[in-house]
Amino acid sequence: MNKDTLLQLLDDVKKGKRSPEEAQARLSDLPYQELGYAKIDHHRAIRTGYPEVVFGEGKSPDQLNGILEVLQKKGNNILATRVSPDLYQAVKSISPDLQYHELARCITLRQKNPAMPETSIAVVTAGTSDLPVAEEAAVTAEIFDNKVERFFDVGVAGIHRLFDQLDRIREARVLIVIAGMEGALPSIVGGLVDKPVIAVPTSIGYGANFGGLSALLGMLTSCASGVSVVNIDNGFGAAYQASMINRL
Amino acid sequence: MNKDTLLQLLDDVKKGKRSPEEAQARLSDLPYQELGYAKIDHHRAIRTGYPEVVFGEGKSPDQLNGILEVLQKKGNNILATRVSPDLYQAVKSISPDLQYHELARCITLRQKNPAMPETSIAVVTAGTSDLPVAEEAAVTAEIFDNKVERFFDVGVAGIHRLFDQLDRIREARVLIVIAGMEGALPSIVGGLVDKPVIAVPTSIGYGANFGGLSALLGMLTSCASGVSVVNIDNGFGAAYQASMINRL
Amino acid sequence: MNKDTLLQLLDDVKKGKRSPEEAQARLSDLPYQELGYAKIDHHRAIRTGYPEVVFGEGKSPDQLNGILEVLQKKGNNILATRVSPDLYQAVKSISPDLQYHELARCITLRQKNPAMPETSIAVVTAGTSDLPVAEEAAVTAEIFDNKVERFFDVGVAGIHRLFDQLDRIREARVLIVIAGMEGALPSIVGGLVDKPVIAVPTSIGYGANFGGLSALLGMLTSCASGVSVVNIDNGFGAAYQASMINRL
Amino acid sequence: MNKDTLLQLLDDVKKGKRSPEEAQARLSDLPYQELGYAKIDHHRAIRTGYPEVVFGEGKSPDQLNGILEVLQKKGNNILATRVSPDLYQAVKSISPDLQYHELARCITLRQKNPAMPETSIAVVTAGTSDLPVAEEAAVTAEIFDNKVERFFDVGVAGIHRLFDQLDRIREARVLIVIAGMEGALPSIVGGLVDKPVIAVPTSIGYGANFGGLSALLGMLTSCASGVSVVNIDNGFGAAYQASMINRL
Amino acid sequence: MNKDTLLQLLDDVKKGKRSPEEAQARLSDLPYQELGYAKIDHHRAIRTGYPEVVFGEGKSPDQLNGILEVLQKKGNNILATRVSPDLYQAVKSISPDLQYHELARCITLRQKNPAMPETSIAVVTAGTSDLPVAEEAAVTAEIFDNKVERFFDVGVAGIHRLFDQLDRIREARVLIVIAGMEGALPSIVGGLVDKPVIAVPTSIGYGANFGGLSALLGMLTSCASGVSVVNIDNGFGAAYQASMINRL
Amino acid sequence: MNKDTLLQLLDDVKKGKRSPEEAQARLSDLPYQELGYAKIDHHRAIRTGYPEVVFGEGKSPDQLNGILEVLQKKGNNILATRVSPDLYQAVKSISPDLQYHELARCITLRQKNPAMPETSIAVVTAGTSDLPVAEEAAVTAEIFDNKVERFFDVGVAGIHRLFDQLDRIREARVLIVIAGMEGALPSIVGGLVDKPVIAVPTSIGYGANFGGLSALLGMLTSCASGVSVVNIDNGFGAAYQASMINRL
Amino acid sequence: MNKDTLLQLLDDVKKGKRSPEEAQARLSDLPYQELGYAKIDHHRAIRTGYPEVVFGEGKSPDQLNGILEVLQKKGNNILATRVSPDLYQAVKSISPDLQYHELARCITLRQKNPAMPETSIAVVTAGTSDLPVAEEAAVTAEIFDNKVERFFDVGVAGIHRLFDQLDRIREARVLIVIAGMEGALPSIVGGLVDKPVIAVPTSIGYGANFGGLSALLGMLTSCASGVSVVNIDNGFGAAYQASMINRL
Amino acid sequence: MNKDTLLQLLDDVKKGKRSPEEAQARLSDLPYQELGYAKIDHHRAIRTGYPEVVFGEGKSPDQLNGILEVLQKKGNNILATRVSPDLYQAVKSISPDLQYHELARCITLRQKNPAMPETSIAVVTAGTSDLPVAEEAAVTAEIFDNKVERFFDVGVAGIHRLFDQLDRIREARVLIVIAGMEGALPSIVGGLVDKPVIAVPTSIGYGANFGGLSALLGMLTSCASGVSVVNIDNGFGAAYQASMINRL
């Protein structure tokens, strides 16, 4: 909004062309609800139909309970990530429809019918130990109304397993590729598939992986084009962007 | 391709259901051309209409000359990145249509008419010193047949400049957001725009930016959803992925 | 004190112009009290009316008890930081007026009437997980006799929440801005407010935040002027300096 | 500005209590001037009387020339930092009143009479090699209309030199303390002076100082209270905040 | 396999010169078995007689049980590394012939008679705290059918202990040298022995060893020729390569 | 020993000028005793009267018991470092004369009368949290037959406490100076005292001290001459070298 | 050599069973020649037939000249690494048979007929920019009397180029695999080839490769077995060990 | 000096028991001379007979000239370190007795007769490239009136060269051991010699030595007792402390 349009808008209000309420809606940005310990942002969900998202880690059972109750009433789909089994036990009475995804450590509550696009998101992992991150990504993508295809344990140490699945992987519209240790899989996949690849380094490993640093640097310096990277273990973030791309 | 379909394919060839040529096309992977000091990969361009891309840095004038001549004959568009002015002088006689983008340090040669989609890519920078990276991204996106909108010098130190342009920025289908130092701009933009954001940290700065590390870490840990990151100063990589997304 | 004034001072003593006591007061520096396991420095509090401060972490219940008892007798206000609930239980019998701030993990004992300046310190946080650090800062600032205004959960992912409070934030004389992950909030605030900003990176987060390093580097390389930084999670240190500035 | 006050403002416009222009002034944020390669922000200087500041590094002579000419016409004081002697030669014809500070690598142009507060800023350095950073801080503080007292070469290896000047150092309202290598000086000064200390690590040194990292970490972990830190070699940033505090 | 030989192969199939099965064996790469949570790769063991290897860390008792049962039926030797005593208890009923190596934290199951070469592998450690890594290496080398000679606690702080054993150490065909802290032992041994040395840094130590980083960097920058390095604490990896070399 | 003197030595043996035993004593280096899990090196203690030293961390009760019993019989003084209270309980029955130093986490057994030199070692700490490292240093120095003077809690935040003790500190022949966080104390002391200073960084602290790194870098880059550094938390190592210097 | 065999040896000399010369040969270790600025070690070459090796970097023309002249007279093959073209000009008059390998920056002088084993070493690179390191490895391996097969520019971004050459790569007895950026190639190759792989990270790249760190960490954490790593850019070291293995 | 002795001292002055001059000498600390760009500290040299030391790096010819002239008049020995040949040319006219040590990059001026102790300092290096640091150490030790024995190029890759010189090395009273790359030499020497070892890491090397970091960490984590460390390349600092120890 530049100065002229702003002036115009105000002028419109003065002249009665727009009601103050109308201008307020135009000007005031994203509404939210004050909850004491948190400000809940209804804006995105209202405008876009996106689910409400809660980051569970570090929240007390009471806090999570309070937030989920408020969100539930809005009627949108809900996703809570990084929820431990104990934390889930403390909030599960909110609704019988709450679903807990143990491996992904996520809670979902579906309150709206899915509106799936035809295309799908591929979630690809290098090893079995990347599964929790992969499932966080998959569960996130699904509650955001995307079809998800899983391709697990196809890492570079036995690369024939990847080639075996390549045709199906190529059918996805966007790929999430997850790997720890040397983090080479996104480079390989990026060189074989002409679709955007979102790479997720994981903190899985020991020694010189330094909490995911080796995979992170490997993915950032990938020689393959079309690869971008999100934070270590951030399956949610990868799925959020993949969903944006898949639903464009 | 799993073992059964492979066996089937071979069986089809044996029985004459498929010609060997057909099977070869199915099986043989990406062709390339041996140039002595480099293997040129024509596959992508042939199959997808993508331009041929050359990384100029570290190449001798003779090497770049040789590669460009081969590529020119294929008739595709050509992009050479990280080409110093001196290196450009040494190769510019190849074609009068070679274009040198000084700020972006890129050579382009357009040999095919552009097939632009309606949608555009926004290239957004925090400061004026991020311009070389931004121009590498913009020139790349354009030779890949995308419309590009530039929004420069709208960084967080004077955030009203960003808000002023927000309406136009929101019109893009995908955003490339470039910043050095604290790298906060992609977080802000990601919180304001519901489109995929590809963040590019730059090595611009001094002191504790440690060659782009501060911006890189800031972008990776961005609190905003929908942000992914490419390597420091990698304008080309960001544009490559943005083009993939824009042209989906 | 250069050599000449020293000689003069001693000469004054010799000639009886100054008593030895007077010279001693001039020369001897800061007195303290030997407690065996610690030397308690009464100087600051005596001279300035500042509260006595104890760093609780790593102290045994007996040690903390001993130090608090000595300090209590001096009659000043007392602040003990980094005190776990268990440690608090072990010392709370010292005085019924001890106050325990659970979120801030601080003990305070007010023994002097507050002498508040008119102006206030704003404590601003990016997210709800930054609250413990924010409360340590707020409790510290209050026991140092400052009015504190709290603005929590106004981080860059939903920047409209910040703008909504901007007028009130601008009323403070000095700001403490607290953020983890990319640590972008102090840059934004510093670009919008013409007051000194003391930034506190927090260790909240995961992956590439590396224990607060991402926020620390982001804040140090902030493009906004008027921002300085204290150690990761150091709410106390930020409040100490903010109090100095507010009470100038 | 919360929603109610916004609605009120718009209602005022509708009812003619405020002119649209008035509301626009209230609403529209910081104006700036488009220069092609840069957006010049006049807002701060207009509103606050602050000088215009230009970061010279990485700017071409033409660019710097263009920016300085625009700024000169506004009639404010001007500060350009990180200006090499060569760059200065290329722009010095703009005005005979341009002053070049060689050690500080700064250009200043004073167009308004100084309005000095009574109090002063102390600039304290550990060694002679910290002088360029110290002078950048001092020149900045002076063009921002502050009295500056310089205390150079009083580092911890010969700490008596510091004690000798302590009385005069204590007279300042705020201190900028600059050191390389182990960066211990701010800790010492912070323990001896009851004024805010802004610490500047410098990249001076060799071996394990790793480009200023040793001094930076030392200052951040300072045991003394009342110390905050700016980026390595950032004399300007320290002076900017010190000026804010001194002029409160 | 270039395009011509591929075409030739397919042509052979068409003309009946090769059976589809023959071509499949030529083309299809490494077979594996889908287990739901893991893809077991039988290829290596089938083709080479190598044992099957399982990485135990992070596997649930059920998962490890399932994998071991499948592997046992194939009749090959089995090695499971990083198996805690608890995990071993949960799977030991699979076979009375399972052997648990407590110090090495490995399970082995020998189902084939060893085919030992004459030559041996020396496993050399600097200190007693390197023993777990050394035993992982030794147990691995033995189940891969190698003779192993152990030389423990011969580090550089008492280098005469190394010299005392030098004649015997020189008899090995390849050496695994394991050290923490400064990691100097491989340099010494590499300067005294004309055999390939595989160095293993360990995470043993405190302070500036930073989880094995000091030993890792020391070994990588070794002045002695003939030394290569594997990941921190990776006794298995060192033994795998040593076995390859010993059995060439 | 060069080749000629070696030849000469052997020739002497042949000619009977030296007995083989004599030559053996000349040639054979440091003897040790094989204990299965450890090689005990009696050489140093035998030759120099030094105590036997055992590093307790990571040793099982049985191992420590075995080693201590062997050492006890040799009749030398014994020092075991990094011994937890539990580990001490498991071995204390070896001798009623075993002494456990809880803060230092050390066991000592004195079996020889001390032969103290006149001069002393000063152990100086910045804060109370450095005490465990300081006591490890002090206990080590004492069992190595040195007089130790302790100066605790004299860090730079209240530097007058240091000056108060300076005369007594200057009486020591060599100083061990221990500090965490910014690690500035050795720089200060090194600038005030003309004796060798051995600096010990501690891992005490939080935030940007990164496990002692800030103190380590600060000490290594100390501007004061005469300061050298040992590993983080290595009180034993500092005392070992200080004892060497004190007893020269 | 333990004490008993030493005593025995000396006794043998005394009794005349061995001549002093004989014992000297047994005891005296590696002879060398004092050159003032360097000690030249003839031992290895004498005993093993290995070439003499000189590290050229940092040597003055005079020093290199002196060393080469001494080595030439011994009659062995000679290898000098890290020799700039200028340095080569300064020493080339030593012998018309000196060969300069420009890309590898190596000098070789062959004075003995090669004794090649049948087997070969494969040198594999990811990109064209890895060629200097690859040629250093190849030239080293050749002067150490090994057959070398070169496979350049077969990196993971176009992995079909690798597969195309896989059959020939598998024929080597040991592989040197060289890559920069994400360093993924050794992982891929190690998963496809049952031969020892020595990985060499290169410092080629930009941004987050941090001078080779990304490739180094990637290779160290490789999921493939049978991979060990040498220092960044250390083509010589890789070839030295590969030669050891190939010639076992 | 505690408060009572201070009061006593002042009382003595008052009563005429001490002259003000006497008290001044007792109280006033280290005198210095103001030179504008530097404060020259004469104290140490006056009191102790130590040479005056100047750090040349970063000083202009004029500054160095000015400082040297002032120092020369005091009549003490002078040492200037880090002096480039060009800088030396600019100051050499000060005195015909100035000596320039090219390899060490030091200037010395001897104005007092040496007072050598009987004992000596050994300067030991691993390689020829460590010579500049070694010579800085040796020249420093000599101008501080110590006998120096040089043992160069005895690193761990050919450890027999070290053993050959061990008897002579053991004769020194204190050792300076200098090494780059893995920095293992001080560990070896510390395990063989019962004298204090001061270790100096050098920045010599490439790849993973990261500017001396590998050697620094290796030396800090040395398993040998009696080793302490100074900054990377700090030959002067090592010699300063060694001189202190040798002259005790």
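For reference, chains read A, B, C, D, E, F, G and H in written order, and residue numbers begin at 1 within each chain.
One rule holds for everything that comes next: contacts are C-beta pairs under 8 Å (C-beta built on N, C-alpha and C of every residue); 3 or more make two chains touch, one makes a residue touch a chain.
The structure displayed is predicted, hence computed values, not measured ones.
K.L.:
Give the chains in contact with both subunit B and subunit E, ordered by label.
P.N.:
Both subunit B and subunit E are touched by A, G, going by the contact rule given at the top.
K.L.:
Going by C-alpha centroids, which chain is farthest from subunit B? Tell me that one.
P.N.:
Of all chains, F has its centre farthest from that of subunit B.
K.L.:
Validating interface symmetry: for the copies subunit D and subunit H, is the fraction of residue numbers used by both over half? Same or different.
P.N.:
Both copies, subunit D as well as subunit H, present different residues to each other, with under half of the numbers appearing on both sides.
K.L.:
Which chain pair is joined by more contacting C-beta pairs, A-G or A-E?
P.N.:
Counting C-beta pairs in contact, A-G comes out ahead.
K.L.:
Which of these, A-G, F-H or A-E, makes the same contacts as D-H in over half of the contact pairs?
P.N.:
Comparing each option in A-G, F-H or A-E with D-H, the repeat is A-E.
K.L.:
Of all the other chains, whose mean CA position lies farthest from subunit C?
P.N.:
When every chain centre is compared against subunit C, the largest gap points to G.
K.L.:
Between subunit G and subunit H, what's the gap in Å when you average each chain's C-alpha atoms?
P.N.:
Going by mean C-alpha positions, subunit G sits 38 Å from subunit H.
K.L.:
Using mean CA coordinates as chain centres, what's the gap between subunit E and subunit H in Å?
P.N.:
Roughly 49 Å, centre to centre.
K.L.:
Subunit G: which residues touch two or more other chains?
P.N.:
Residues 3, 158, 163, 207-208, 210, 216, 220-222, 225, 231-232 of subunit G each touch two or more of the other chains.
K.L.:
What residues on subunit A touch subunit B, complex-wise?
P.N.:
It is residues 1-3, 44, 47-48, 53, 163-167, 173, 194-196, 198, 216, 220-222, 225-232, 236-238, 240-241, 244-245, 248 of subunit A that touch subunit B.
K.L.:
In the complex of these two chains, what residues of subunit H are touching subunit D?
P.N.:
29-30, 32, 37-39, 41, 43, 57-59, 63, 201, 203, 211-213, 216, 231-234
K.L.:
Quick check on the complex: what are the subunit G residues that touch subunit B?
P.N.:
128-129, 131, 153-154, 158, 160-161, 163, 204, 206-208, 210
K.L.:
Per the contact definition, I'd like the list of subunit F residues that touch subunit D in the complex.
P.N.:
Residues 126-127, 155-159, 181-184, 187-188, 190-192, 205, 207-210, 213-215, 217-225 of subunit F touch subunit D in their complex.
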